[in-house]
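Labels run A, B, C, D and E following the written order; every chain starts at residue 1.
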Amino acid sequence: MIKRTRKKRTQESKKHIGQVPGTLIYTGKKSDKDFHVECFDYTKEHIEESILLNIEDAVNYKETDSVTWINVDGLKHTDKIEDIGKQYNLHPLVLEDIVNTSQRPKIDEYDDYLFVVLKMLYYNKEENIVIEQVSFVLGKNYVLTFQESEGDVFGTIRERLRLNNGRIRGMKSDYLLYALVDAVVDNYFGIIETLGNKIEDLETELFTGYAREDINIEVQQLKREILKVRRAIFPLREIINRIEKGDHPLIYKRTITYYRDIYDHLIQVSENIDIYREMIWSLMDMYMTTISNKMNEVMKVLTIIATIFIPLTFIAGIYGMNFDHIPELHYKYSYFILWGIMILLFLAMLYYFKRKKWL
Amino acid sequence: MIKRTRKKRTQESKKHIGQVPGTLIYTGKKSDKDFHVECFDYTKEHIEESILLNIEDAVNYKETDSVTWINVDGLKHTDKIEDIGKQYNLHPLVLEDIVNTSQRPKIDEYDDYLFVVLKMLYYNKEENIVIEQVSFVLGKNYVLTFQESEGDVFGTIRERLRLNNGRIRGMKSDYLLYALVDAVVDNYFGIIETLGNKIEDLETELFTGYAREDINIEVQQLKREILKVRRAIFPLREIINRIEKGDHPLIYKRTITYYRDIYDHLIQVSENIDIYREMIWSLMDMYMTTISNKMNEVMKVLTIIATIFIPLTFIAGIYGMNFDHIPELHYKYSYFILWGIMILLFLAMLYYFKRKKWL
Amino acid sequence: MIKRTRKKRTQESKKHIGQVPGTLIYTGKKSDKDFHVECFDYTKEHIEESILLNIEDAVNYKETDSVTWINVDGLKHTDKIEDIGKQYNLHPLVLEDIVNTSQRPKIDEYDDYLFVVLKMLYYNKEENIVIEQVSFVLGKNYVLTFQESEGDVFGTIRERLRLNNGRIRGMKSDYLLYALVDAVVDNYFGIIETLGNKIEDLETELFTGYAREDINIEVQQLKREILKVRRAIFPLREIINRIEKGDHPLIYKRTITYYRDIYDHLIQVSENIDIYREMIWSLMDMYMTTISNKMNEVMKVLTIIATIFIPLTFIAGIYGMNFDHIPELHYKYSYFILWGIMILLFLAMLYYFKRKKWL
Amino acid sequence: MIKRTRKKRTQESKKHIGQVPGTLIYTGKKSDKDFHVECFDYTKEHIEESILLNIEDAVNYKETDSVTWINVDGLKHTDKIEDIGKQYNLHPLVLEDIVNTSQRPKIDEYDDYLFVVLKMLYYNKEENIVIEQVSFVLGKNYVLTFQESEGDVFGTIRERLRLNNGRIRGMKSDYLLYALVDAVVDNYFGIIETLGNKIEDLETELFTGYAREDINIEVQQLKREILKVRRAIFPLREIINRIEKGDHPLIYKRTITYYRDIYDHLIQVSENIDIYREMIWSLMDMYMTTISNKMNEVMKVLTIIATIFIPLTFIAGIYGMNFDHIPELHYKYSYFILWGIMILLFLAMLYYFKRKKWL
Amino acid sequence: MIKRTRKKRTQESKKHIGQVPGTLIYTGKKSDKDFHVECFDYTKEHIEESILLNIEDAVNYKETDSVTWINVDGLKHTDKIEDIGKQYNLHPLVLEDIVNTSQRPKIDEYDDYLFVVLKMLYYNKEENIVIEQVSFVLGKNYVLTFQESEGDVFGTIRERLRLNNGRIRGMKSDYLLYALVDAVVDNYFGIIETLGNKIEDLETELFTGYAREDINIEVQQLKREILKVRRAIFPLREIINRIEKGDHPLIYKRTITYYRDIYDHLIQVSENIDIYREMIWSLMDMYMTTISNKMNEVMKVLTIIATIFIPLTFIAGIYGMNFDHIPELHYKYSYFILWGIMILLFLAMLYYFKRKKWL
């Protein structure tokens, strides 16, 4: 499953090679989801929520004093994305990056807006990690967000806006950006937790000593998953750091503390990922040790049986020979004496193995 | 055991996802310990020790010239923590961090106070490491400490305050913070020592060559424990470094030397942890070598026995055949000659194995 | 194949040792391709495309206001390269670097031009990676490019120049350099994709459990290929970074954004290469595990068979002995009783192996 | 042995936990060596060497123009150390560090003196490395040195002082400190050499192919020894670097060149240690390979013997059966024909093993 | 061989321990080569080449306007080295470093001269790497070079000086130093090539699958050789970097470009060494895999033979028993029926192994 999606992505991204820079090519899955633009416009006192059917309406919110959040779902309609881009004066490379969903998380600072690309992570029904790109444009009084498809982690933000919950309605667009990024980062904790549980399950299985033989395939897949998450999350630290440190006029000083909070969360997530990576390596180690131990045990059983019975079989073989003159064959008790010798040999062997701690 | 607690923690921390920033949610164990506030107020000349039943009393100590140490045990009463926060003008994110016990050690500098989060480490009765978060707020004339539950490493500090022992009573709040952090760090040495002893025990077992088969599980658990301690201790170096370097007005120049001393201790602890990590890897190596050596020994025993007796058994088989015409069967001494040949063969084999150093 | 080419290269480069610095020695393959100089001279309004038969003509384009791109294919004609070098006042070390095809990617800043060396990567017909060096000289109104042989990744650039497609015709020589470097970097994505597919194929083979025995040779070759690509691509990041950061007068401010875009692409390529490296290591791990697992399985089969039949054979041997007095031999049912005992033993063994999960 | 001393040390250092900072607690071995203070006072022209029986006399040398070296052996007399500390105005933490022999090498700069802690390394009679702490206090006209017990590496310095050998008598206290530190560092070369010889011996043993079975224990112990030396030596580089770079008024410019020389030596020692570490890892690798090779050889012998004789034994078994109708049994030459077949089979097997290169 | 030389070196360098700093002690091999001083004195127009029999003559060239290159072969005549040192005002530590041939490559900047220590590398007749130290002193109008023994890589430089080839005669002493260092670095490419070929040979042997059993010893020796080369070459990068960056008055601006060229070459050499290191590790991996694969094959042969014949032998044993009542023995065709059963069993086994892909 994981491999399929990756293959898809690289094939799509191939179409991009050799194009004129600034050409808009959507590199995600051509899902049949419709294009969908929702809009929140609010001040401390009032809020207006609407679905924009006509994209040209978006520009109305650009110069108002109220804070506007325009959320675009569905990136395959590159022409409409381009329309919005023109209305908000976005650089062609920004638009290219919005629709190129194989983009690495990054931040680009322009004179009158900030452009941020992040990754949202979900577990789908088959328990595989799905990565969805979400782009943010922070302007003086607006935040634009672009998502590949409907369904996101911004539900609580919408609630807080509607209910005037917390301080969000009283703050500027930079706080809205913070709240949105914070929602994305908070969601990472859930992913991290699921990864942790998976590692624990594998560990328990290995600790019990009778792991399935194909457990190493699962360990490898988990390793890959962690690699994937790591790659989606790690660049974010640098991004938040640049928002926090960089003196961009759109980020007010009082919001910086909040971004520092996101940064702390990211460090925590990153540390967990690194610990999981180390644990995965330990799991592989344990698995190899388990195999070695099992092989050792198998070898011991074989050696004990062979070492006991091969000499005894030899003795029996001796007296199965048909020589005319084998004196022992004719004594009356020699059969019973032989049994005695063989039992003694057997016990000596057992004692030897006990002392070697093989039994 | 280790795994249980971790699972608990992540489940609790999950409740946090998607909350309004600044909401106080206690993420530790809902222990039934009561809420408990103790207060030391002292100058060089006098000292007053009290239990604050009414949290509103705390504010009385805020503006006095004497140094005040208010120690809060029990974080589940988030409303009371919030009360204290309001009296001392703490930022909402600070309060959130105090009760979120899965916090990474960190320092936040605010205009009129310093906020520090550390981890205290204990071994509980089951010999497992328990991590308890302790938060410090250093103000102009006060230090607030917040602990998850009763029982801490500050016993000697209380004694020194009461007995006017050493220079503590004659110094400002920055020295009190130093003394408290120093007590936490000093306690790490004990943890480090226990880890060292555990490693030594495993090592001795492995050096003797007959280690238990499940010793690798113990090695893995020790590895995890070191990882845990490392994660709790390592961020501290940066924190102390920032206190030492950072020109915060609340830290007087003459106290800096003392913080440098803590820093040296932390470097020492960190070095030990890193050496232990390397030693653990060596242990795993040794264990693998031990398994390989044992398997080698098992194989040798099998090979010696099989190599000696399989050819002899073949010979015996030959003369057990029922052909009408086997001339050797009818000579009078052939049975004894055969014994001679077999004994010679046996000795030749032994000599061969001796020369190969298998015996 | 890979090894052959490498050997060739080092032998050629040997000729270089101990030469006077600034001596032009071509270190590539002495291919019989002809020398070939093509020239594009354009402004926003007009474009002139020509093949320069006479190298002295190149100098005509040097001082014009229009942007000139002179592309030289075939480096073995070192005398002609030297001619061009003199006309454009290139430093002797620059010319030496142009023809020394074992050069590492690098950038050298001179007062009135920038010198950049890159590597183009192709897969040849035998599915091996071929590295071709391409050097760029960026002057005030011109870009010179030097390639080892015909065939390159600049086809789309030529088209865009001819068709006045995109913004290329309206920009200066620094944008032309960007477009050319961008074409080289875009081409890396294809290489990366092929590498990714190769890894996936090996992985699938290993996951199925019955990989060919020589798969580790393929894994090693892939490892080497990645090493090779890494070495060709990684220095580029630093180069682009220096163009972006360095305040060279030939790079206009508005072009910087475009170079930043290349930088982002390079980071993405580099990350992929590093992930592939890690995946290759995992593959080796998996292969070793697979071998161990197979050996384990083989051992189990041997042990089960031997452990069941060796004792039974011993019993049969006992009653094949020729002692005069073996009472059991004469009871009527003892043969059938023996069969019963042997079948019981057989079943007991089977039960034992089932419980040990060897079956 | 190694483990014993470490255990001792941590137990002693435990006593330190929770003490008032600045309390003097000796953490070394309570050896019965006496306290011993020797004193050199010299200018270019004269020198005075004495044993100080009365510690109060030390202060007499403090304010003279001549250079004074006071060397204290025996740290368990903490009261006397405290006396000296008071006379020379040493900070309480400095005195604490002098007697705490588990101190990491470090440098502390105070206003009117420099405090340096180093480690001297010896091999004792049992060929184990012993680490002895030596502390230096460099003042305007004096150097104080504190050693755990008598016996040091300063013999040549004493000689050079007495004989007015080299430039030492004509220089200030900063050169004396250099000479003493240089003596400590020079001594490291001997340790490094012994380690190198040990590694070589193990290597030779492994190269010959018949290493003792417990050689991996020795390899592990050597690894630990290198870890120990590394930990004692590595922090020194930073210390010397700070002396060289740091603009401390007590270090004159013309002495800096000499400290740079020490720094070069340290880099050389450090590089050797790192090379030894890498070599030790190679040794472990070689050991594992040796084990695998031996096991392979053992398996081959077993397989050859079993593969040859098991089929032959089967054939013999066939004609040992007691069926009434086995036609072959009654032909006159069948016994000899059978021998022929068995010898052919035997030779065929040998040929097969030769071709497989097992023989 | 390698080990011998190392032992020698450390023993010699031991004599150095505890000496007065600035004492000249030759630590190389006491070869019987004579002391030999050659001298080149040149301007653009004329050149004078001579052998200096009288060392005092060297000083004549010090203050002339022409560039002088004095090359000293044979370092054991420490008194003569000291003479030269005095004439050119060299610091005692410089002289000590010149004769101490276990010096690490380094650069020391003095007020009126630059001191550089490098390593020349050769392969001797036994195909072992020999390291020879060469020291350079760059003064205003002169370059002094000191070599352990005759024979060097400066042949082409001498030719270029004599023939007035290239720009060397028209430049200052800083260009002469560049030319000499460049000759040393160019020579590294040959060493690197030989290492590359050795790795390739081992690789080819391993790829074929039937490598000699002692190939791992060769791999280890190659690993050591690379370590040795690495240690001699890597510090050079830093040295050249300091010449290039450092604003020393003796290095003219126009020569800097040439030093940058050396730096590029060094980076290329260093990269190759690192790639070789990685390849060596891969070789070890491949060797281990090869061993595992062989063992697997051995085990399979054993298992197939044993699994087929042990049950058959058991059946034969059954009918070799001497019970009075074994009904099967007396049926006429039972012998032939038994053969049928055994052949069926045999074929079933073969089919089973085929399906398991063991055959």
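Heads up, the rule we're going with is that a contact is a pair of C-beta atoms (placed from the backbone, for glycine too) under 8 Å apart; a residue touches a chain by one contact, two chains touch by 3 or more.
Just so you know, these numbers come straight off a predicted model, no measurement behind them.
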{"item": "Same or different contact residues where chain C meets its copy chain A, judged by the half mark", "value": "different"}
{"item": "Chain C and chain D, separation of their C-alpha mean positions in angstrom", "value": "43"}
{"item": "Interchain centroid distance [CA atoms averaged], chain B/chain D, Å", "value": "26"}
{"item": "Numbers and ranges of chain A residues touching at least 2 other chains", "value": "288, 292, 295, 299, 302, 306, 310, 313, 317, 320-322, 326"}
{"item": "Complete ring sequence of chains beginning with chain A, oriented so that chain B follows", "value": "A, B, D, E, C"}
{"item": "Residues of chain E touching chain D in the complex", "value": "3, 6-7, 10-11, 13-14, 16-22, 91, 93, 102-104, 106, 108, 210, 213-214, 216-217, 220, 223-224, 227, 231, 284, 287-288, 291-292, 294-295, 298-299, 301-302, 305-306, 309-310, 312-313, 316-317, 319-322, 326, 328-330, 332-335, 338"}
{"item": "Residues of chain A defined as touching chain B within the complex", "value": "153, 155-156, 160, 165-168, 179, 182-183, 186-187, 189-190, 192-193, 196-197, 200, 203-204, 207, 209, 257-258, 260-261, 264, 267-268, 271, 275, 278-279, 282, 285-286, 288-289, 292-293, 295-296, 299-300, 302-303, 306-307, 310-311, 313-314, 317-318, 320-326, 357-358"}
